[in-house]
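Take a look at the structure set out below.
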Amino acid sequence: MSTQLAAQINSLLAAFILLTAFAMLAQRKKLAILHLFAWQGLFLSVSTAIVGFVAKSHHLYISSLLTLTLKVVVLPYILHVLIRKLKIRKEIEAVVNVPTTMLIGIALVIFSYHLTAPIRELSTLVTRSTLAVALATVMLGLLMMITRRHAVTQIIGFLAMENGLFFAATSATYGMPLVVELGVALDILIAAFIFGIFFFHINTTFDSLDVDQMARLKEED
Amino acid sequence: MKIHPFLIEMVQIAVLLFAAPLFAGWVKMVKCWSQGRTAPSLFQPVRDIRKLLSKDVVLAENASWIFRFTPYLVFGVTVLAGGIIPIISTDLPLAATADVIALVALFAIARFFTALAGMDIGTAFGGMGSSREMTIASLAEPAMLMAIFAVSLASKSTSLSQMVLVVSQGYSILQPSLAFALLAFILIALAETGRVPVDNPATHLELTMIHEAMVLEYSGRHLALIEWAKMMKLFLFVVLGISAFFPWGIAVNDDLAGILAAPAYLVMKLGLAAVGLVLIETGLAKMRIFRVTEFLGSAFLFATLGMLSFFILE
Amino acid sequence: MNFSPGSILSASFLLLLFLVLSAPFLRAKQRLLIAIGFSITAVASLLAAFAGFWTLAGGVTYQLVLPLGLPDLPFHIRLDSLAGFFLVVIGLLAFFVSIYSIGYVKGFLGQRPVTSLVVFYALFIAGMLLVVLSDDAFLFLVSWEIMAASTYFLVLFEDERPENRRAAFLYLVVAHVGAIAILLSFGIMAGLATGFSGFEGYTFDAMRKTVLPSGWAAAAFLLAFFGFSAKAGVIPLHAWLPEAHPVAPSNVSALMSGVMLKTAIYGIVRVVFDIIGSFPWWWGSLVLVFGLLSAVIGILFAVMQQDLKKLLAYSSVKNIGIILISIGLAMIFSSYQLKPLAALALLAGLYHALNHAMYKGLLFMGAGAVIHATHERNMENLGGLIRFLPWTSVLFLIGCISISSLPPFNGFVSEWLTFQAFLLSPSLNTPILKLLIPLGAALLALSSALAAAAFVKAFGITFLGHRRGPDQGRVHEVNWPMRIGMTMAAISCLMLGVLPTYVIKWMDPIAEKLTGATIAHSASGFGWMWLTPIAHERASYSAPVAFAGILVVVIVTYVLLHTRPGAIRRAPLWDCGFEKITDRMQYTAASFSMPLRRIFGFLFAVHEEVKQAPPGRHPAFPESFTYQLRVRDRFWGWLYKPVIDASFWVSRMVGRLQQGRIQVYLIYSFVTIIVLLLFV
Amino acid sequence: MSLLVLLIVPLVASLALAFIGDRKLAPEVNILGSAATLAAGVVLALGVYRNGPMLAGGNFFFVDAFNVYLAVLTSFVSVTTAVFSRRYMRREREHGTLGHRRIRFYHAMFQLFIFAMLLCLLTNNVGVLWIAMELATLSTVLLVSLYRTPSAIEAAWKYFILCGVGIALALFGTVLLYFAAEKVLGAGGEALLWTNLSTVSGQLEPTILSLAFVFLMVGYGTKVGLVPMHNWLPDAHSEGPTPISAVLSGLLLNIALYALVRCKVLVDGSTGTHHSGNIMMGFGIVSILVASFSLLRQKDIKRMFAYSSIEHMGIATFAFGLGGPVATFGALLHMLVHSLTKSAIFFTVGHASQMHRSQDMDRIKGLIRGNPLVGWGMTLGVMAIVGMPPFGVFTSEFLILTATIKDAPLMAPFLLLGLGVTFAALFRKVQPMVFGEAPEYQKRLKAAHIPVLLHMVLVLVLGLYMPRFLSDWFQTAVGILK
């Protein structure tokens, strides 16, 4: 497999990642969002593997494996369990005005393209063009957290951001040093447990996961 | 031949002590004539004082030492002031004791204690008198100072002897600054010595009196001293005006002739001054206390004009 | 250790430090604590005064670097003529007040623990002494704020009273804002001194050496003047003063009014004449204008007051004004290189600072004695005390005479000198100043005349007449330490008034150092008895002669009139023949100031209301009247309230930022990063 | 060697405490662990002071004047906080607000938190720094929600999400940094080491670094609590148990600022402009103003002091942004004295709210009469924190302000405004609490004396006499941050 082809595939995957990000932004049903997230993770791990293959840097395989286990298996599973346990599968949440969100998303993509332009000039990697996508994914994840009112979806948005970061790491720089990768993964795992606990607390105290109830602490009166 | 300054000082103080009542009497006479009344004798004030001196003192039960101390202090301060103002000669050992500003302050001491004495016995009248006296004084002081300022600009000095020396050379009364200052000084003097239109020394009509209200409770020798001091104050203000504005005749270099001539000039000037005073007092009516603001305000205005005209015109 | 002003000073500081550290261990024995504590402060302040006197008399400068503070910015101490003079001012009054306190503070025994009072009192004195000694910006501000903080706690001594808390709070805020302004001004000077390559720029020496560009210099001066005025209670920054001084314990108010305000004067003189050095004339006129404003408005407020200590506090504003007037004149003169005149004006101001310390301290101590004896501050409930408090009344009267600037007492000398400075203004060669400055003299005259009115009122209403209001039983004369403290202050008032030539000769090095000219020679050129600021033809005043003259004439007349045994008969009041006079017919504090209120009322927010009780009866036959008078400070509404309202409005607006929903917070981060990225 | 001890002790202690649980000796063990950490820290500091900066664990750890003094500070405050929390937590248990499991959790997490912060400081690796920072957040999130009250959970959730997002952005910045670095240093771990980065900072690609700095600024700025990313801070500080508020305010913010400053140095080295400095100054000023005005209308005592923390972090950030020897010196000193003073204040606040069973400032009254130590402690603490001499905070603010009026005169008025308003606001609230009569509902309690006294004495000493070695330290740190 030539580097060219690898680059092709990689950018294709990048496109998919971006697509999933948008899809999540538009999607209403939690389970669907969860599945989309899992897909994004899958694309990410594959692309990581390919980059690893191209760059012949083997620690990327490990990190791809990590991604696979974490982002595709473990986290979705945990969330799935939570959703079932907390019986919030049915809850359809109001998404603020999808078209507008989409437009903002587009704007973000363009913006991040514009930002990463100079870097693209500098970089010699085959994967350099995907950096824009990575940044866009991060931004979209943030946007998702902003537009959603449900704890679970916010978390998913958060994790989507993380995906974007991983993608940036691999695509921009053929992956961070392994120590860092592992550490990050560990942190995410801990984070997963923590928000797992949180869902229970929130649900028991507010008997719903709608974060809009949690607006008691404020200055204005 | 030379005459020792201390002798002159003595003479001057003696003059002050006895000329003051006479002057007061003279003012009364002129006033009566101008109003077509038969006048008391020129020596009436002297007789009054002597009579009061020989009378017993009736003191309010709750009068404190301040009440008893005040007459002596007032008298003492006034006499001292008399020793400073050049009446017949400028060559006085006491002259350097105080310049005009300090002189004003000396009178202020007398006022301060009179006001306290007025409040000491705790009557409504006493308090009223003190309050009004202090109010008027606080308005008169700035005007007084501006007048002094105007004069001292001309004479480059605030020491009285120096003023006399400078002014007596040349016809500086023609200077507009001094003219304005004189005008202001007259108004202030009326207020300070408690004459119509600010205060009426002749009345005991409760609501119009100011100075009298403070000394209402005095009797005997205390009253004598107070009255005497008051006459001296009037006399001194007239003399002050004379030495500041019409100093001709005051002996500047102590030769016998000058010193002998000086009293003559003095008597003449005093006579005229009394006439002027009477004209004012009969011409004007006593004004309400809150009109005094405007009265002294105009005095201040004149003084300021005097100063400005010095800078602008001279 | 050799015997020098420096060593004496360190001794006094060690004493104070020892007291501060050991006081908490004497908590249990309050009586002992008072006795020991205040004796120590007395000794310490006397030592400080002595050191200051020596320095100024010797005309030498001691410098010292303490290994404290930052290693690269140690504490610099400098004892020069100016510092020496203020050491005397502070130390002397602190000595009197400390002795007074031994008696005064006993009054708190059994009511509350006085430990904190002793500790902060000592800290307060130490702070003031350090302020005048410090020779670098850092130490100066440290001691400056120590002074402020300790007085804050002293004002809060009776902390259960809400008005104390309010006053203390107001005081501390104003003081601190002022301190920050001073800090910034030092920052300018230090920055221009070295450009902050390191810490050297913070020493006053470095600042002296640098010549500031005029713009920066003006900024530095304005900041410093603002800061120091806030401390000195210059109108319109005075609002805290009449709140804080009255509620503090009287010995503390004596020190606050008497000397703490002077540290601000010291600061102005130090910064303007010593550190900056050369300046344009408008600085001086600015100081002059604010001085006049404070002098007139302050004393007018004083006349209006019915609370004895409030009256005294406002009169402090007036006196600070007078000091500033002289300093302003000095600045104008020296900006025109009229060195001797500048020297005269400056010395007049400093002399007045010294005098004011003495008589204001005396008056506050007297007020404290009155409160000690009657537990009453409101003059409307006082009166006739001269019969119960013979000592206090005499001493208080001396204070009143001095502060009303009547000869032969000290207040008059310095004010007379100020007038002389005014009268010399025609020698300025700027027409407009020639015209305007004399008007200032008129305002000064107005303020001093009003002062006389105010203190006739203060003494007359408090000590003369009959007791107004409810008479709480018999009143006793205060104990000996209090009398001694007051007496010493009174004596110094007389001495400073009668022997001005010596004082001026003593103070001359300051003038020489700061303005480059001396006046002692001309001032006493006519003999020690005659004070002749420029030349005896120009003007002269002889306090001794005046004093002796009055005395002699009084005695002579008295003797002459008592040759004949004149019987004195006591009789009830005549009062133009009124029947049954009651105490309630007397003039009250409110009624005394009524004419002035009518004349100058436009300057205040005066609320008068007369209530007829019971209403509805025939108006011709009212049962009783109640008269209520509230004279309020316009500046509060003009200056302070708007600021407060504005800041609360802003804070409401800012509160909107944080309205609880996490999405909004996320949007903040989002927007922030977008914006930043756009800018990069 | 001592470095490894310094890191391992808290980790071990945390595990141990997790096993010990809520036994009788747990608090003592906690104190002991912290004390050991402190000892190691001091030894390390002395070593650095003697032999200058050093690497350890094969380039993995790096100690210089800048981070070692923060490490000592961290371990020291952890000791005092542990001592304080012994009394505090006992009281809480007596009141039944906390069960055994939670106290076990508290102890374990406390030590873990200390570990995370020390790792942040001592690691030489930008990536590891990031990880440790995240770890520090995660370890405290559940401590903030320890009381399980609705508001506690809300606060913790906000803390979790906002800081998570922030830190994620920081990671993006780190990636960019790595991206720029690996061109110069080649791929692999070497490219993320401070030591290497600082040597080659000149060659790093300016555009990328300035881009990276934006992400790092917003990311770590969130944890520093700079406006407008500050919103988690008041909530988290006011709802968590007081010892945690103390360490959050006193230590965590410092750590985040430390990271930020390190990054700034790199960026400046590469861009050669003062751009990043200006950005930091902007954030600083905005934080000072917003915080000071928010202080005016506070009702909850811990919330109020949280805002004051924001303000002080703003001042430090501003000073670092200002640059220059004096300002930087001031900023370093400010980090030190602020964390000492603020944690002392939080100790007293904790006791005060326990005495009145409320954090509502209208209920807290008459502290000095009720408990002199708490009352005077809070009074003097507040005096110190608003910058009254002779306390150390004044020294730092003095240096910073004077430097400001020289280098950025236009900023001075805002600074003046902010400080003035803060002063008025704090005293307006604190004065009624400490002075006046004690209310009848006030409970008596045995306060933890040593921590408060120790901190206040230190701050006082720093204000009056700063030891030579400390200032040398700062000077070298200033040299590092040039």
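For reference, chains read A, B, C and D in written order, and residue numbers begin at 1 within each chain.
Everything below uses one rule, namely that a contact is a pair of C-beta atoms (placed from the backbone, for glycine too) under 8 Å apart; a residue touches a chain by one contact, two chains touch by 3 or more.
All values reported here derive from a predicted model rather than from experimental measurement.
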Partner chains that chain B and chain D have in common: C
Centroid comparison with chain D (C-alpha atoms), farthest chain: B
Interface with more contacting C-beta pairs, comparing A-D to C-D: C-D
Approximate Å spacing (C-alpha centroids) for the pair chain A, chain D: 31
Distance from chain D to chain C - Cα centre to Cα centre, in angstrom: 44
Intercentroid distance (Cα basis), chain C paired with chain A, Å: 70
Where chain B and chain C are represented by their mean Cα positions, the distance between them in whole Å: 36
Touching two or more other chains - residues of chain C: 652, 654-655, 657-658, 662, 666, 669, 677
In chain B, residues with contacts to at least two other chains: none
Sites on chain A at which at least two other chains make contact: 115, 142, 145, 154, 211, 214-217, 219
All chain pairs that touch each other: A-C, A-D, B-C, C-D
Chain D residues touching chain C - in the complex, by the definition given at the top: 157-158, 161-162, 165-166, 169, 210-211, 213-215, 217-218, 222, 227-229, 231-232, 234, 275, 279, 290, 293-297, 324-327, 368, 383, 386, 388-390, 394-395, 398, 401-407, 412, 416, 419-421, 423-424, 427-428, 431-432, 435-437, 463-468, 471-472
Residues of chain B defined as touching chain C within the complex: 53-54, 56-62, 64-66, 72-73, 75-77, 79-80, 83, 94, 96-99, 101-102, 105-106, 108-109, 111-112, 115-116, 119-128, 130-132, 134-135, 137-146, 149, 152-153, 156-159, 162, 204, 206, 216-217, 220-221, 225, 289-290, 293, 300, 304, 307-308, 311
Chain C residues touching chain B - in the complex, by the definition given at the top: 383-384, 386-387, 397, 401, 404-407, 412, 416, 419-420, 423, 426, 431, 434-435, 438-439, 441-443, 445-446, 448-450, 452-453, 456-457, 459-461, 464-466, 526, 530, 532, 536-542, 545-546, 549-554, 557-558, 561, 564, 566-576, 578, 581, 583, 585-587, 591-596, 598-599
Touch list for chain C against partner chain A, complex: 652, 654-663, 666-667, 669-670, 674, 677
Of all residues in chain D, those that touch chain A in their complex: 125, 127-128, 130-131, 134-135, 138, 141-142, 145, 148-151, 153-158, 160-161, 164-165, 168-169, 171-172, 174-176, 178-179, 182-183, 187-189, 191-192, 205, 207-208, 211, 234-235, 238-239, 294, 297
